[in-house]
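Take a look at these structures.
In what follows, chain A forms one complex with chain B and a second complex with chain C.
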Partner chain A sequence: MSNLEISNISKFYEGREVLKNVGFKSSEKEFIVVVGPSGCGKSTLLKTIAGLTSVDAGRILIGEHDVTRAEPGDRDIAMVFQSYALYPHMTVAENMGFGLRMAGHPKQQIREAVEHAASILRITDYLDMRPKQLSGGQRQRVAIGRAITRSPAVFLFDEPLSNLDAALRTQMRVEIGQLYRRLDATMVYVTHDQVEAMTMATRIVLMNSGVIEQVGSPIELYANPVNRFVAGFLGSPRMNFIEASVTDVNDEQIVVALEGLDDIRVARRHGVGVSRGDTVTLGIRPEEISVGRQRRHQLPARVELVEQLGREVIAYVDTGSIRAIESENGLGHLTIQVDRKSAMSRDDDIHIGFDAEDIYLFNADGMTMTPNRDTEKSPVHEVSEA
Partner chain B sequence: MYPRQISKDDVLKKYLYLAAVTLVLMLWLLPLGAVILTSVRPASDAAVGNYWGWPSGFDLVKNYTEVFTQTPMGRYFFNSLVITIPSVIGVLVLSTLTGYVLSRYRFRGNTLLFAIFIGGNFLPFQIMMIPVRDLTISLGIYNSYLALIIFHVAFQTGFATLFMRNFIASLPDELFEAARSEGASPLQTLIHVVIPLVRPALAALAILAFTFIWNDYFWAVVLTPSDAVKPVTAGLDNLKGQYVANWSLISAATIAIAIPPVVMFFLMQRHFIRGLTMGAVKG
Partner chain C sequence: MTIWRRNRSWLWPALFIAPGIILFGIVIVGSSVQSLWISFFQWDGFDEMQWIGLGNYIEMLDDPQFYISLRNNIIWLAVFMLAPPLGLFFALLINQQIRGMRIVKSLFFMPLVMSQVAVGVVFTWFYDPSSGLLALFFEAMGATAPALLSDPRWVTLAVVFAALWPQVSFCVILFMAGLNNLDESQIEAARVDNAKGWKMLWYVILPQLRQVNFIAIAVTVIGALRSFDMISVMTSGGPFGSSNVLAYQMYSQSIQAYRFGYGAAIASVLFAIMVVFISWYLWRMLRMEKEGA
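== the complex of A and B ==
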């Protein structure tokens, strides 16, 4: 049983509340990725689950046991560190068997557990080597192997791939995903990398300044962000935000005006408060903006910078009157992402367009004012917030 | 102001440098050379004032044999070992424990405790002479091995704690977190993780403490007046008679006394391994 429940955790550090009433629950085997910008409290959250940091309020349950005050070794967890944290004076096999040896398990049993874990991770050949003889990727495998050897109920990963180069990172990402399917355990994986979050998670916990902003499957968070922070955090290149004002409101629709464009009629989220004259933020993802005249709303733009990524092209365009806020380059340019075949170069004058149904609206507090979109039913679990 | 390398082409500078180094080295080693030379002279040489000249004969074997047969030096030597070895072990054990706790555990008074350990080092021995002597008398250990062992351990542990604390504090935090999350107790972490990784520090400390305790004269004179427990340093003084001094014998004894710290250095040298924590963290 890999039940993990965290409820109302608070943690103060030097007078500052680094975790504010944080909670989520996983009732079955899940791959939970905790993601957020640096300093959002995600690593602290992981350490509280591990028991390396104490909490000031709240409860942690692992497999039906309240472990809030338990020592890390008694929590049925295993942790994989960003810096690997291998014992340099021990061989790979000794590193992997350390936990069981400390617990006084018989030698034969330790050897079997180590060999089993080593075969899963294909590091059997390195068992007699020392950490310094291994490459970064191999060391991280050993660190994961050390966690597997103890067969815990919950695996905790603290940015395990950050020290690896890009190619290795992709490879290890896939491997950890496969490992998850193979092992009967819940994984809690902390990262600042949204690609890791999107690709590996069954559920994402998105954090910002000590609070959980949203919990849900990757596609739910991407398609239906609850607020502007979530919308801006997930997706690369990030969503364009433009300031706009509400010109008309009815039960179904919000009408916003942007200079030089027809009135944009956007569906209204049920029960959301809005009135004429409100300043709102309009959000649109770069891939929803297309070049040409085929969309409902369109405007002329000048290409300022083109990034050719091979598979796609990212262009930063200046639309004159409409300025993006918090834009990637700080110049108020809109970011658009188009097919690689679209020939574009600097200083080209083009037309860009979008449809009203791809628009998100956020109120002054950043809350989403547009209704949820249909996400394809993915084989993920229900969002349950503790 | 780094010591810059002398260019190979500048021959004059190169030879000047070599000459200067040789000169300094000679000055440095001259007293030692004189003692070594005297230790092989016949006793008569010193009596006629031949301190620096060529020895009139070579009595190397005779002098060194006499040190151990005609004087109680053998006994003093034994005493020194009995005092020094347990003291060094005591210092290493205590300072590893205190250093581990002070560097890895936050508790009220941690810094104060650490400051006391360091501050103790600044007290001059001289002001403690009378109190320590009185204390050993009232404890009933005056003029015994135990008196010297206890006080050497006490006086060395202050500095050794500073040394070990800083060394253990420099180990990566993640290693301790990893050990803790794997269920290792603090003692298990100390034995299986910390001690193997601080071996170079322990070796360096062992040499320092050994040399210090072995060479101690002050406490030996204060606490152990009797020949039965007196270490070599104080014993050496006994070789001087009231009216005559056999300088050849004293020199030979001096050289013999200097050997154990050197042996200690070579014994410990193999533990000075660079980059012991390599491979622990990062790539």
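== the complex of A and C ==
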């Protein structure tokens, strides 16, 4: 029942193609998080699934039905809006039962559905109140309750947590996750927050300027980004990118040089085209850089800024001639993430190091040139709150 | 200096409100009280004022013209109540993204820009039984046009319909502004909830237009009660006072018949009727503000 299939959707808006041939498929119950920077088309994609925006090409299937041209109310979906979009003149119970009422269900049945949804979300005490009397978090629950009451095949969430404060956001994130496990429905959840994407999704759809960059489980996208955009988007603090040049290449390896370092020998992805002299981008995640001299490649660095986060420490270090491109602070500093116990302070001179197998290489088009890592064994660290 | 500093939290607001209060006091409150005072006298505007107590009011009770005027005011009120729903209807109609809709919208705005006097003159010609547009219609159908403005049975309705035209376009403007401020996401939510057509209008759009609706009704009620200029231009209250309303009767008694005391008495009655509606308006307004807070 929770089958959702989107194929080759295109959407033009004022002459601009905001969705380019977008498609993905989910045949069983899934929690799909569509994530991407603002303006990437993720909200438009959600609205086309909801039927609030028409598509110029492509097909949408929900359940077994082609709903490409169907009205939103006939699609067996429910949607939770960023602004909650509750009807201010109705009580909480009326808000939640409105969909069933419009569908002509008997009163008794509506009341049961509303009470059931309210008990799941623990908002039974507010049923007779109006939205205005509720806090942001409570309103969000009502908006979710309104969706549950209709028991749709697909739930659509449009950045539902972005109007909540940080503590409430974390709490609601967990609750929506629990709700998903409880309900027999596919969820499509749009967000710009990569933490929400990593923590909630069974599958992430990562979008950028109207196209899908990559689809996969959170760990797959994190460990094996297909291109530099995906690598840079997921992970906080984000991956360090350094420009490097290829000094040698064979079937198995690519050798790149960085000033002041030994040749870095990186495994070559099967079939990827590369030749000596190419300029490539070297990527390394902040948690793969360690302080001290235990790694294969080492370089001296000066600590410029230390962010003590309690659980970990994030430091921005100046490595002289090796500059990071698109660095977090725009100064070309490398970002490193180390244990909270590491004593480090500003202006310390330290040594940092990394191993070649933790390196990603991206060609001039941004495509990944290093082979996929085994996601089972990959030592991926927890992603911290942005 | 210290007195100023200690009291400036209320002195500043008082200072800014003062001009408005003073002006309102002189122009509105002062002249209303004076008008009420005059209504207890017999006065031609020149000679000594002569105290007659409630004499003018007692005379009014026996004045058939007063009842005709009152009845006409009620007709005005009843017919004017068509303005808000018609305004909403046209606003919904023209609130669409179609090429050239801007021109249509500005056409709806036109009667509002025109002065009431011009509207009155235009409709007087329109109703003209010998050469008016209405007469041409009737001729084309092989009938003779009725002389609406000289027929006591039809004259009030004819004038009210002329006045309704700008009133409807005023309501159109109000509702159009209201429709522009609708919460888009609520409408989207309602579409997902399968509300279509009338149900969408009734359950989601209209509740959001409640404030606008209220203002449209209030302004229309007051407009109907103070109707004056159209009657002055189109009929002067005639024929035989059959299209007179309280505001015009007050004017003709005072200015044309030199009976300022009687005119003031009519004004006081009209004021009393207005107070009922204005109190209702203020009460609703305050309640809405309370709910909004």
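The definition used in the following text is that the second predicted complex is superposed on the first by the 376 of 386 C-alpha atoms of A that agree within 3 Å, B and C clash if a C-alpha of one lies under 4 Å from a C-alpha of the other, contacts with A are read in each partner's own complex, and residues count from 1 in each chain.
The rule we apply is simple: a contact is a pair of C-beta atoms (placed from the backbone, for glycine too) under 8 Å apart; a residue touches a chain by one contact, two chains touch by 3 or more.
Being a predicted model, the structure only gives us computed values, none of them experimental.
Because the two structures share chain A, they can be overlaid on it, and in that overlay chain B clashes with chain C. In the overlay built on the shared chain, the residue A:102 is in contact with chain B and with chain C. In the superposition on chain A, contact of A:49 is made with neither chain B nor chain C. Of the two partner chains, chain B is the only one that A:131 touches; chain C does not reach it. Looking at the shared chain after the overlay, A:139 reaches chain B, while chain C stays out of its contact range.
When chain A is checked against chain B and against chain C, the one touching more of its residues turns out to be B. Once the two complexes are laid over each other on the shared chain, residue contacts for A:254 go to neither chain B nor chain C. Applying the stated contact rule after C-alpha superposition, one finds that A:163 touches chain B and leaves chain C untouched.
Shared contact residues of chain A, touching chain B in one structure and chain C in the other: 47, 50-52, 71-74, 77-79, 81, 83, 85-89, 98-99, 102-103, 146, 150. Those residues of chain B lying in contact with chain A across their complex are 172, 174-175, 177-185, 188, 192-193, 196-197, 275-283.
Chain A makes touch with chain C in their complex at residues 47, 50-52, 71-74, 77-79, 81-83, 85-89, 98-99, 102-103, 146, 150.
Within the complex formed with chain A, the chain C residues making contact are 183, 185-186, 188-196, 199, 203-204, 207-208, 210. Interface of chain A with chain B (complex): residues 47, 50-52, 71-74, 77-79, 81, 83-89, 98-99, 102-103, 130-136, 139, 146, 150, 156, 163-164.
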